[in-house]
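What follows is chain A paired twice: with chain B in the first complex and chain C in the second.
And now, the complex of A and B:
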């Protein structure tokens, strides 16, 4: 009886957005009198930080710092339609809608600035710090604060924009299954290293090295939080979780966190995250949806590592000590 | 975390002002100091609490329901049964034309899974609602139940859901969603080795910090404001409008920060009945799942069975792949027909295989209806595919990572569902993993690219 070490690999891809499309999201953007920008949506922030990402997307598009953008969302009386936050679609769908709305608002903003500066709007650029300046002559500039005041009180303009994003729905061909499930795919490759105690069947995940390709890391810190969390969830899925431990039998289902097993902080592997960015053709600044796929590759990587360690295949999830011991026993019996 | 900017630098414009910057989240201080408001922070004077009477049986006919004792219980304001619900039989994906309507808001004549909602009790306190729920008498005639997907699709199995008429979802393509590409039998005939394996998962729980729930307030003008943690505001509003036969203009949904979704909050379960309760009593109503309800009543990830048959050549090329996927929907559709169909689109994985045959089934059994969960339709498929890839590599004596390079899809490759591959990056992920994990592969694989010459 011994502790045995093994490693396994898995490589995957994952579609961004609702399967087969047909899932619209809309956005509205307007400026306040002092040049802050309000983004109105009905998308839901699940705690992953959608509001922050939408603020950064709007800020980049209009050309202001992110703290000048306020997100008002998840109210059906004020926000335009969003299909919902699921299917790795939030950043991609709502982000595109916000870009379109913000571009329209930016155009009005530049037109008002052009009137104030007595130049052509096409000769203007934003400095990203809250000012609009003449290209090649940055000393000739006006603050966005003053542009907004002018638009509201002098020029009678609404610095606002409407945005929407919809990928037309694809219908699978009945006999061949020809269809367009998605417009872009994220990718991942994970290598997991485990120790398996062949006396108890217990698995310890030592390291998980994840490489994720997600189009564009719009906010690297937030990408990291989602990818690390997903990686932990993958380990939990592989080794611990089930609402019906003897599925298809319905008995012994957990009803609280004492009975429903999940890894605690001490059970989590040393986790490494490496991010590659191949911008997608239709993503906001090339972003794809990393939300779901980041919890997938750890499961087969751990399963393959268990085999590498002790030479038995557990093809049923979760890979419990009981299943490993039964397989080792069957293997020993020949 | 490490951002490897050297990959794909030729197709990416960097140096943006706000995008790519690790700005601190504006909502973080609220979260970590307990200032962020969640739906359950709403508390209205006179608010009622809703508790469900649930089926103790997996499958039973309801002979009668007696709510008289419950109604007399101190603090009880109203007891609701199926006949109080204007459009009691519904299905959420009807909004995107995926029918038939197959589920009851409150059981009518039958229960099809253990835990199904039968009677709703509205009372002044949670405790009164709970105690009164225990006094509802339901006379059941227990029926044979089926739990196993293979048993469920056999002739003579107990029929789980009469609205379908058989224990699987009927797509326009028949009993399963199909993908046919090339000639899979010719591929098997040509293969050096054939490997057929079966994989199985079990249901799992989303385990959000915040359980599913809502608080409804009548606005006094025939409008109702529903504070909810749904993941999809209008999807829930529009389904509620159908179930309650109430114009959407009478409904106002307010969300906010949700304490974790993972797909567990895209069913439409708590809102319609809570709004109905508010309408019939004229009082605010709170309906929040207990942790036990979250774990055993709220939809889990579906259990899936995946059978993969592969034909592989000694040089590592997979020449044929046949996949049969089964999704255990439980007693009702919810999002499972969508999930099973998503699986059909996902197989055979990120590999270029000339001959592919996919069948994915959505099967009904007498268990808690499964539904959306992070990656559903794909996650279990990836477990099966990637364990199968490991087995195939070992079968032909190849390194498992190198074996994936041989088969990896690249730009321009035709997928089984007949879309050309665009924006592939699997090869680069594997190259970087090879370096990061110190898992060397042959130089020819490190020299590969997802770009096609001339593509």
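And now, the complex of A and C:
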């Protein structure tokens, strides 16, 4: 009986969004009378930071500072349509919709500015600081604040835009079954090092080294926090989490989260995160969906590391001490 | 049912409220007094989201009856900022991206505050031990541990 060490590697591809009846998200953008921009969405921020990302995307598209954008995700009854925040689709789907809406709003904004400055709208550019100026002649400029006031109170224009991003439903080809059920794959590779006690079946994850390819990281610090939390969650999926840990039947199962195991602050593996950015062709500013992807590669990596350590292949999650001991027993009997 | 008067100090302010007998401190704070910084996660004392500081001790407000808090000195995360300036722990949590959905954050900060009040220069193990009664689903804990260590360093620099 001994503590045995093992190392496992795994790589995954993970899609963005889903393929049920089509995958649409709608966004509406309008300016307030003082030149702030309201983005109305039914996509919900679960804490992953979607509001911040949508504000960045809208601001970048219109050409204003991020703090001039307000994200309203208040009400799915009255807001524009979104399939929801799931399937790692928020940034990709809603982001593309926001770009489309923001482009339309920007065009109206430039038209109003052109009337005020008595130039052609196509000759105008934004300075990113809240002003619109003539290309090559920045001294001829007007603040977006004044443009919005003019639109609202003088010219009767609505600085607004509509956005809709749809991935249509993909049906399988009758002959081959080939289809495109998802788009925009993110990628990851993880190496996990574990110790397995072959007497108790207990697994300790020593280190977990992750490389994530997530398209463009629109907000690198928020991407990092997703990936660090996701890596922990992947280990949690691999070794801890289940709603069915009890015997002999479901009646003895857990009734609430108190019986739902997850690793605590004392159970952390030494974690390394490396981000590779290969901008996607169809994502907003090259983004992909890193959300769920980042919690997946640790699972096969840990399973492979357990195999490397004690020579048993556990194919049911979570990899509990009991499953390891039963497998070791079968191996010894085999 | 007859209501019970209870008076205590909440974040330095004299506070008085009538509560139904059996009301938890958590519900009294959130529903009666309007301090929603302690969160109701499990309502059975295992998740730590409702943590508050009572007379210098870390307590689970979901397991504490409001009527037992007469004369107590209660502190919550809502009372940490002074004059619009965030407490070093709050600043460190923001800077370390130690919060995502935010539901565990007030409890984490209370647990960390009690730690730093007693152990101004904690080791990583001290921090892990202090946070072990608080559950987080989003962050993987590491950013929270780093935030507490950063706040401790900031405190000791200010004291020096």
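Methods note: the second predicted complex is superposed on the first by the 312 of 334 C-alpha atoms of A that agree within 3 Å, B and C clash if a C-alpha of one lies under 4 Å from a C-alpha of the other, contacts with A are read in each partner's own complex, and residues count from 1 in each chain.
Note that a contact is a pair of C-beta atoms (placed from the backbone, for glycine too) under 8 Å apart; a residue touches a chain by one contact, two chains touch by 3 or more.
Only a predicted model underlies this, so the values are computations on that prediction, with no experimental measurement involved.
*Asks:* A:82 contacts which: chain B (first), chain C (second), both, neither?
*Replies:* first
*Asks:* On the A-aligned overlay, A:231 touches which partner chain: chain B = first, chain C = second, or both, or neither?
*Replies:* second
*Asks:* Quick one: is A:216 in contact with chain B, with chain C, with both, or with neither? Answer first, second, both or neither.
*Replies:* first
*Asks:* See if chain A has more residues touched by chain B or by chain C, and give me that chain.
*Replies:* B
*Asks:* Touch check for A:258: first (chain B), second (chain C), both, or neither?
*Replies:* second
*Asks:* Does the superposition put A:37 against chain B (first), chain C (second), both, or neither?
*Replies:* Once the two structures are laid over each other on A, A:37 reaches no partner at all.
*Asks:* Which partner does A:268 contact after superposing on A: first (chain B), second (chain C), both, neither?
*Replies:* It touches chain C, and chain B stays clear.
*Asks:* Quick one: classify A:46 as touching chain B (first), chain C (second), both or neither.
*Replies:* both
*Asks:* Considering only the contact definition stated at the top, list the common interface residues of chain A for chain B and chain C.
*Replies:* 46-47, 49, 221-222, 224, 228, 233, 256-257, 262
*Asks:* Which of the residues in chain A end up touching chain C in this complex?
*Replies:* 46-49, 221-222, 224-226, 228-233, 256-258, 262, 264-266, 268, 271
*Asks:* Please name which positions on chain C make contact with chain A in the complex.
*Replies:* 42, 44, 46-47, 97, 99-102, 127-129, 131-132, 135, 137-145
*Asks:* Name, in rising order, each residue of chain B that touches chain A in their complex.
*Replies:* 1-5, 7-8, 11-12, 16-27, 31, 58, 96, 114, 147-149, 172-174, 177-181, 197-205, 207, 230-235, 237, 251-263, 265-266, 291-292, 295-296, 300, 303, 328, 338, 341-342, 344-346, 349-350, 358, 365, 367-368, 372, 374-375, 377-380, 382-387, 389-391, 400-401, 404, 408-409, 416-419, 422-426, 428-430, 432-433, 436-437, 439, 450
*Asks:* Can you check the complex and tell me which residues of chain A touch chain B?
*Replies:* That would be residues 7-15, 19-20, 22, 42-47, 49, 51-52, 55-57, 59-60, 63, 65-67, 73-77, 79, 81-86, 128, 169, 172, 174-182, 184-185, 187-191, 209, 211-213, 216-224, 227-228, 233, 237, 241-245, 247-250, 253-257, 260, 262, 272-281, 285-286, 291-293, 295-297, 299-301, 303-304, 307, 313, 315-318 of chain A.
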